[in-house]
Amino acid sequence: MAEITVRIEGDPFEMAEEVARLRMLRPVGAIVTFTGICRDEGGRLTALELEHYPGMTEAEIQRIAAEAAERWALAGVTIVHRVGKIAVGDDIVLVAVASAHRSAALEAASYIMDFLKTRAPFWKKEYPGGEWVAHRHSDDEAAKRWK
Amino acid sequence: MAEITVRIEGDPFEMAEEVARLRMLRPVGAIVTFTGICRDEGGRLTALELEHYPGMTEAEIQRIAAEAAERWALAGVTIVHRVGKIAVGDDIVLVAVASAHRSAALEAASYIMDFLKTRAPFWKKEYPGGEWVAHRHSDDEAAKRWK
Amino acid sequence: MKLVYFAWVRERIGLKDEEVSLPAEVATAGDLLAWLKQRGPEYEHALSEPRAIRVAIDRVHGGPDTPLAGAREVALFPPMTGG
Amino acid sequence: MKLVYFAWVRERIGLKDEEVSLPAEVATAGDLLAWLKQRGPEYEHALSEPRAIRVAIDRVHGGPDTPLAGAREVALFPPMTGG
């Protein structure tokens, strides 16, 4: 059984700490991390503000992680997603997956990211400007390939 | 142009340091890391010894990284591969890829790992026992999907 | 039933959440959207493009045909942009 | 020409590297393998399954048909197991 950790936090996370915990699991021969970082979109932005649906967010991310653990042989999955104001260059999300063999960790990290984008109830607002980030059709297409 | 760093080292590496350098690049919205860790193969092993072909190793890994940077829009690629004796639980290889969008970093990391396995001149010897690790046919198959 | 709103749906309606008593003919999430649109210009503005609105029933994603019977909390929000 | 050996090819031949002068008829990497096998039981043992042997010519991967003309360093080794 994969060990699944999901956290929604306002404060920054330390990738190295999350990876250190995953590497204690067995059997682990591969750890893949995905870090999503706040982009300035060509200098247009200084920050994003992330809103979410407390209670549903954790449950939905748990479901996504459990699906990945069902589909691939995983030792552990850690997902940390920040909410609130996030400055350009700061981390937004970490997905870390540990497995015995590399393809399981690589594919599961990709799967989890695709469904975090399309199913986890987060919404990004741009600063300056206050515009809500538009959902990308390409994210729906990316999620469809796992059917 | 992607910034490409390739190092072959005897000493352990610090993933956090490698990632910290990549995140200074622009535009970066995604960083993917792959860490390969020495497995005990069900308690059978205590260490691996990695032999390589000095001079060719660096050149071949540079070629693999350059191909990935040609194929995807990458900001930076860092590949660190250890050689010599590596204890169970210790890191063998780090591939870290930074890009603006997630699919480029995820796919490039997967591509680089597939060709590190099949083209980079490394050989693993098992301890105890002194047997050379057999090449896996599944690694050849994984590399073929990028044609 | 509790309705909760997020992102620009919340901003346009001008409420984070509210309690409503639904008429008997409002049986599905799609019915709920149609009923809410008639409640005033803020609702009309927020829900003018029903295809851009996602629905969660008791914190699980649903669609226009998802029945509301027994639901305690229904959330309306735009397509998600996390990750 | 310098020949270099790695992993179990190196162990079976019992040498890390050596200088050789090739006869004119040894034109390709495949020819080289066939010629080396005749040099003694260690070579025979190391190279008994030619399909299990990879070749690099001047530090670039080659195949049985890769010509050796002009090559300074040819490496023979088993399929790789890094990463």
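Just so it is clear, A, B, C and D label the chains in written order, and each chain counts residues from 1 on its own.
Quick note on the criterion: contacts are C-beta pairs under 8 Å (C-beta built on N, C-alpha and C of every residue); 3 or more make two chains touch, one makes a residue touch a chain.
No experiment lies behind these values; they were computed from the predicted model shown.
Q: Provide the labels of all chains in contact with subunit A and in contact with subunit D.
A: Both-contact set = B.
Q: Round to the nearest whole Å and give the separation of the Cα centres of subunit A and subunit C.
A: Centre separation, subunit A to subunit C: 26 Å.
Q: How many angstrom lie between the CA centroids of subunit C and subunit D, rounded to a whole number?
A: Distance between chain centres: 71 Å.
Q: When the centre of a chain is set as the mean of its C-alpha atoms, what distance in Å lies between subunit A and subunit B?
A: Going by mean C-alpha positions, subunit A sits 22 Å from subunit B.
Q: Quick check: what residues of subunit D touch more than one other chain, meaning two or more?
A: 83
Q: Could you say which residues in subunit A touch two or more other chains, in rising order?
A: Subunit A, residues with two or more chain partners: 36, 102, 113.
Q: Chain pairs that touch, all of them, please.
A: A-B, A-C, B-D
Q: Can you check the complex and tell me which residues of subunit A touch subunit C?
A: Interface residues on subunit A, with respect to subunit C: 36, 50-53, 55-56, 59-60, 81, 92-93, 113, 116-125, 132-136.
Q: State the interface residues of subunit C toward subunit A in the complex, per the touch definition above.
A: 4, 6-8, 56, 59-61, 75, 77-83
Q: Which bits of subunit B are touching subunit A when the two form their complex?
A: The contact residues of subunit B facing subunit A are 15-16, 19, 23, 26-40, 42, 89, 100, 102-103, 105-106, 109-110, 113, 142.
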